[in-house]
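Both complexes below contain chain A, partnered by chain B and then by chain C.
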Partner chain A sequence: MFSFVARRLVATLLVLLVASFVVYVLTAVSGDPLEELRGSRDPDAQAKIADLANKLDLDTPPVLRYFAWLGGAAGCLVGNCDLGISVARGELPVTEVIATAMGSTLQLVTAATILAILFGVAIGMTTALRQYSGYDYTVTFATFVFYSLPVFWVAVLLKQYGGIAFNQFLGDPVIPWWFIPIFGLVTGFILMAVVGGGLATRIKTFLFTGLAGAALLLLLDVTGWFAEPSIGIVGIILFSVANALIVASLTTGLRDKPALIAFGIAAVGAPVALWFPFQFLFFFGNAWWTIALVAIILVAIGAIVGWLFGGDRRGNLARVVGLAAGLGTIPLVFDQMFQRWATYESIIPLSSGVISTIGSSTPAIDRTDDYWLQMLDSLTHMILPTATLMLISLAAYTRYSRASLLEVMNQDYVRTARAKGLSERVVVMRHAFRNAMIPIATIIAFDFGGLIGGAVITETVFAWKGMGAVFSDALARTDVNLMMGFFLVTGVLAVIFNIIADLLYSALDPRIRVS
Partner chain B sequence: MTDPKHITEAPDESRGSEISIEQRQVAGLSQGAIVRRRFFQHRGAVVSLIAFGLLVLLAFSSVGTVIGGSGEYAVDTTSGTLGIDGFRIAGWWDKDWWTRYPIVNGGQPTITLWPFSIGEHPFGQDDLGKDMFARVMRGTQQSLVVVFLAGIISTIIGVVVGAFSGFYRGRIDSLLMRFTDVIIIIPILVLGAVLATTFGGDALTIGILLGAIAWTGLARLVRAEFLALREREFVDAARVAGASDGRIIFKHILPNTVGVIVVNSTLLMSAAILIEVSLSFLGFGIQTPDISLGQLINQYQGAFNTRPWLFWWPGIFIIIIALCINFVGDGLRDAFDPRQKRVPNFNGPMSEMRRWWAQRGADRAGAVAPGGSAIDASAPDGSSRGGSTEDR
Partner chain C sequence: MNIKRGAAGAAVIAAGALVLSGCSLPYESEVIEGTEITVSWNDIIDNFNSSSTSGNNIANSNVTYLTTSSFNYYDNSPELVQNTEFGSYEKTSDDPLTVEYTINDNIVWSDGTPLDEADMLLSWAYIFAGVTDEEGAPLFNYANPRADLASATPEIDDNKLVLVYDKPYVDWEVQFGIGSVAAHAAVQLAYPEIEDAQEAKDQLVEAIQNKDSEWLAPVAEAWEADFQSANTPESDLVKLSYGPYIVEDLVEEDYVTLVANEEFAWGPSPKYERITIRQIADPTAQVQSLQNGDVQVASGQPTPDVLQLVQETETADYHTSDEATYEHVDLTFNNGGPFDPATYGGDEETAKAVRIAFLKTIPRNEILEKLIHPLNPNAVVRNSILQIPGSPMYDPIVEANGSAEYAEVDIEGAKALLEEAGVETPVEVKFWYPEGNERRAAEYELIATSAALAGFDVTDDSEPNWEFTDTAANPTNPHDAVIFAWASTSLALTGTDQYLGTGQPSNFGGYSNEVVDTRLSDLETELDEDEQIQIQIDVETELWADGYGITIFQFPGLTAWDQGVEGIAPAPLAPYYFWNFWEWAPSDGATAE
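Let's look at the complex of A and B:
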């Protein structure tokens, strides 16, 4: 195992060296960093040109300059990075530029990827379980269409309709009367298809969820929730009940009385009861660790309650109830953010709407000391680019997980599990799901590798100052150092995650072992 | 009984028979014929193929094309109008993509659905008066050229690299795979943009460049196939018969990998158009004065509020091209894979509803349904129940 990793590392190091050489020479040859200065009428231009040529060492041919750069980059291994200065960014050191840009991009792509994975795997697996149904065909067709969409087209469309048009709607939030029944119909159809079952069950599911969806939207409209969104105790109760129901139906089933009681106490009761005390905690502990603390408290409560009610299976129940309780942190955090809605609306500049289409944060809000307000600001800035990035990733994950689960469901051990008399829920969640996730795990690892460099277009459209902007500026101004900094980050990450993917595959699947 | 008469009859269907129903269906047909037949049963793929063909025809015939030359605009001294450098083949559309025409209808599209008329400028005009239909058609042409070039070149390179790598293994395999890794590690957008900036921005160059960098996935797949297939007996048989390495690779093993190659080739092509369009959008792909669909969207993205047609039409054409190619690829994948069969679902809710409806009708007409209940959600073989005894 160790020799395998070592061999892989050496081989990939060689590959990285060759690739970086190729990128360096190609970028250097592609244009002239001094082009802008040469055409300038500035009287100091000649002096500036000479100065820059000296700093960037432009007299030596690119091939030799590469080794100089390599020497500086090798210093990174000992903690003394010297990647040169960046022409495109006012002669700042490249390390500084990349550090700030990377933080911005990481924020964006991590959220998008995690959401895409969660939703993609969920949708893909449900379509696999309901193969050849109308839901399956619709989702497959939709994924096809999303695959064929160019990213920037989606980005500009979302900017227009998701941003500008939605902001206009929020200015005067009245939902047209015909939208409510349509919303009810759509939610009814989706849930009916997902839950499945015989004709009677489907009709019941459709009616129930359709009416519930329509009623919810009507309620939100009538109470003017869209003008001043808030979650409050009512929202916390609703979220917690839904959360507990979903987790329970997926893990222990809804007929398990002790488990249901445990869920009720820990996943519903705890967040609701602790909501008020947590208000103080959130107010005084104005930082990220507050969230972690709340999560730990809720998970601990869940685990203890699960253990107490578990009986024979206390370990399993503790895990599951702990998870459900921990998920209760999410509505609490959102509640904190939405409590600052009025302040947020008053601080943002008049020109931009509530859902922002430009940049990654509002400078005025960055200067305030309120962590939750800053979080709300980040959220509204992140929604549209995240949705753009998510759409295409989602399609890919849906297809992969569908194919994977279909393959697993055709295996003998699934048939055996059914023959043993296990319920469909146990067969799918305990046996099929885990084995279907193995190839997905490796795909996720690959995806994380390509994360940083994958948001170039979205960042360009939404004017985020991230790694995409770094790449664009570097190439436009023929800034070799900045381009190499970009490549170093993306290349190293890709390599690391490739190795992780290989290791993961052999760790998860006992049939594959390194030879 | 070894009665000679029975030899010409159909094989015995009792247990132990080797010929399945599926094999009977395709008895006597070549692989190409089987694939063709299965492909044409896939309605979505056939519709996409036809649509794509029509699109290609439309794009190239409507505004014609320009062969050779630099693509620059030049004032034609004899007639005093702006012309384009190179040999121009005209199309049936009377306008071209660089001339400014007088603005009609405020620049809005003149196409109307009822009564159906094309009008002067069916896709509208931009603020300078240039005809959008001609521009979109020219952009489509360029994108199609890039797609086909990139597809063909990357397929050839990918197959060759994968074949040699998988067949020879050992040092050649290591070398070729490390070379492939070098190309994989550099993000394709980065590599494409850098190369395009260096070597120029017209459709032919971009097509060749994209073809030269997009073959890596195909190479890996072909290598995997070759690694598996080289262990088979027919390779040994060919070698014993005296076949050279080249012959074994190209005449024996390669035809067995055609399925994988064709499917991934189409996926490559749909990826190629999205990459080219993205490159042009960022400003690194096909440069002005030549037109690309991505470049059009980049140029007009700010105009969405005032002149949305400038933005919609190029985007729709990009989507149509990518969708058609994806559907055809999916149809090919289904055609090549013998295990995938679309089994009609006799137990689904729609079938159940139909049976229930039919049974209600039968009940009213007086026939008695066996079992009694109209909706029986737990019947596992409702199909046989529904089909056997009712009067319809």
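Let's look at the complex of A and C:
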């Protein structure tokens, strides 16, 4: 394995060298970094042109200049990076620009990628299980629509409706009466399609979920929830019950009594019982580690309870109950954020609503030292760009995982599993799912590698300055140093994740060996 | 929000009451506690020294405009206005030109150190390249050092500096000012062992007076490098302020927040406690964030779509106006093309007739009407090469410079000129515009169509890289006519020789006219205003009669602001809409809410 990795590394290093030379020379000959200055009538333009030409060594031909750059870049190996200065970014050192941009991009793209993977795989797999159903066709149609939409258009529309119009709604949250039955019909229809089954089941699901949806919306409207949203103990109970039911039905099934009791105690009882003491922890701790601490406590409780109730499969039950209990951190965190809703609204510059259309944070919130306010602020800033990126990349994951699971479900061993009399849940979750994930793992690894490359258009529209902006600025101003900084980071990451994908493959599929 | 506005209202009333009651305090801060305005700009500060070569750009100077005070500034006319609450300057002699600068008492940097003659002396040292290294190069990397103007070390006294020019200089009023770097800050960053600000200043003054370049070299280094900071600087020395605001929080490529400077008591008091400038490059994003309330002011060069978006925003007011950048067509005199006398065997008159004929066909009014009026209905055709419409000298110059000859498209006149000159038609004109620029492509179409009527065959010679501006690679401009824009940032009269003077670096068309050359150098040393106008008339008369080129329009600018803000008054010159930031205030309508 080591020789495999070593061989791959040497080969890719050579590829990187050649590619960096090509990129350097192509960027350098593509234009003139001083173009903007040449059109300037300012008396100091000439002095500045001379100064920059000197700093950037523009009189040396690009081919030779590359080696000077390579010398500086080689310093990175010994922790002494010199990637030159960036003309496009106020002559700051490229290393500094790239570091900031990477931080900002990771912040923007990570959440979107993870959510896209989670939802994409979930939707894809469910459509595979309900192949050729109304649900399958609807999802297929919708994902293709989103897949083919231009990003800038989706982003601007999301801002217009998800941002500006929604904020106006929040300023005066009145839901028109006719919207409530329509909402119920749509909810009922979607869930009916997902759940499937015979005609009687379908009608029952439709009626039940539709009425529940409409009732929930009516309740929220009547209680003025949209004006002052909160989660509170009621919200935490609701979420915990739903969470426990979903995890249980996917893992142990709902007929397993001891498991259900374990879920009930750890995933519902623990978060609800600990809600009050955690208030003090969150209030006085007021930092990210309180979340980690709460998650650890809940997972530990879950694991212990699972172990105690597990009987002869205690290891397995400890794992899944621990997971379900750990997920109970989510409503607790959101509860903290929502408790500060009124404070938040009074600080931010928006006259109504909270959804922001630009940037990553509100300056006035950055000045407060309330961790939860800052988190809420990040949330209101991240929601639109994350949704934009997610809508677009969701489609690919949906299609891949659908095709992959369909293929696995038609394998002989799945038929054998069914013939043994295993329940459909065990067949899908234990036998088919893991194998279906193998091809998707490769795509996920690549996507994480490409993640740092940034999202040029989304960044522009939402006024983020991440790696995408670095790339486009570098091209627009023929800023070779900046371009190479970008190339270095994305190139190296692509190589690393390529290797990770190979290793992951062998981990998931025992038939594959790296040697 | 409402509570905040209520408090703001109370504070406004309180401030107003103080004024009405005739309270005779020497200075009353009108800052309303808890108020904040968020504005947008396409770039934010990354260098706290906006005078150095690397820091000299608009994004930096917009912020340093808020953190410094000055002897004078441009308003939105545009005209130069003096700020006597900060200090004063007086021309005490014409020969030699002597200007005495005095800073008022009690003016301090935000760390409490007085602002005095040491700061002025430091400014002299870099603006006039007063200190040089062993090779004679200026020690300080100032954006535009002028070693030829005032080389003698000025005499200083308490808060006073007397600047003696080596020669008369027309733009003396805007030539000297105190930058954004404190003298003691530069010294203490270079020599951290000097802890006392006064001692730092004393040593600096001594070193400059003795031209001690060895001691000054680290100071010059710190003056340039240590003020480069894309995030909130670690050292407070870097962000020292002697203006109404001080930088509180800077996040690279995102926003900068400035908070009212408590020491400030010289000059009009600002109203907002905090100003945040957010970096938003995309114009649509700017307008949408204005609609959403993320920012209160948006500005930029509009496209029809953006303008429409602004017009649909009910909560915002907007203003379309001229920017200082102007579009023009220049002809090439030395490339063997139709406008080069060499083509006609050195016959100057024939070439001139062809040039004038071509310029007469350029449909300036049509371009304005079709491309600019939709964006700025008040735009007018620019008729002066040297002055921006609205500036005090524009009208007298336009009246006399001969531009009236080109007021309307004159196809018949152009035909007659070509016939008289005996030139064979069609005359091919290779016309350049930056490829990919839609507005200029449309201008090219209009010009080509109109010129064709008079017998010109205007061919598309566009390329995207502005190669002709690289005079090292292209000693002569390969295009016969080019269309682009010059941007100006001040009303300074000098600097036009850069593109009009014989052999100057930005003179891409090879234009050469002795009268223009001599009169422009006369202008540099002329101090009498009437005479300055006369010189510019002389220069322009030559230019228009020679068929040098033609000016078309000022770039349209668009500024939109939330109705909760009042006092926004866009200006064509830097610092643009920031010029009257002290007048920005929460509006009464918002207070009454």
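Operating definition for what follows: the second predicted complex is superposed on the first by the 508 of 515 C-alpha atoms of A that agree within 3 Å, B and C clash if a C-alpha of one lies under 4 Å from a C-alpha of the other, contacts with A are read in each partner's own complex, and residues count from 1 in each chain.
Just so we're on the same page, contacts are C-beta pairs under 8 Å (C-beta built on N, C-alpha and C of every residue); 3 or more make two chains touch, one makes a residue touch a chain.
As the structure is a prediction and not an experimental result, all values here were calculated from the model.
In the superposed pair of complexes, A:74 makes contact with neither chain B nor chain C. By the document's definition of touching, of the two partners only chain C reaches A:351; chain B does not.
In the superposed pair of complexes, A:96 makes contact with chain C only, with no contact to chain B.
Contacts of A:456 after superposition: chain B is touched, whereas chain C is not reached.
With both structures placed on the common chain, the touch criterion links A:10 to neither chain B nor chain C.
Judged by the touch definition given at the top, the superposed model places A:233 against neither chain B nor chain C. By the touch criterion defined above, A:160 lies against chain B and chain C together after alignment on the C-alpha atoms of chain A. In the superposition on chain A, contact of A:246 is made with neither chain B nor chain C.
In the superposed pair of complexes, A:359 makes contact with chain C only, with no contact to chain B. Shared interface residues of chain A (contacting chain B in one complex, chain C in the other): 31, 156, 160, 164, 460-461. Against chain B, the residues of chain A that register as touching in their complex are 11-12, 14-16, 18-19, 22-23, 26-27, 29-31, 132-134, 144-145, 147-153, 156, 160, 164, 197-202, 450, 453-454, 456-457, 460-461, 471-472, 475-476, 483, 486-487, 490-491, 494-495. Those residues of chain C that touch chain A in the shared complex are 1, 3-4, 36, 38, 46-47, 53-57, 59-60, 141, 143-145, 228, 230-231, 248-249, 251-255, 257, 274, 276, 278-282, 284-285, 288-289, 291-296, 315, 465-466, 469-470, 484-489, 492, 494-496, 498-499, 505-506, 564. Taken together, the chain B residues at the contact with chain A in this complex read 178, 181-183, 185-187, 189-191, 193-195, 197-198, 270, 274, 277-278, 281-284, 294, 297-298, 301, 304-305, 311, 315, 318-319, 322-323, 326-327, 330, 342-345, 348-350, 352-353, 356, 375, 377-378. Residues 31-32, 35, 38-48, 51, 89-92, 96-97, 100-101, 104, 156, 159-160, 163-164, 167, 345-346, 349-353, 355-361, 363-364, 366-367, 460-463, 465, 469 of chain A are the ones that touch chain C when the two sit in their complex.
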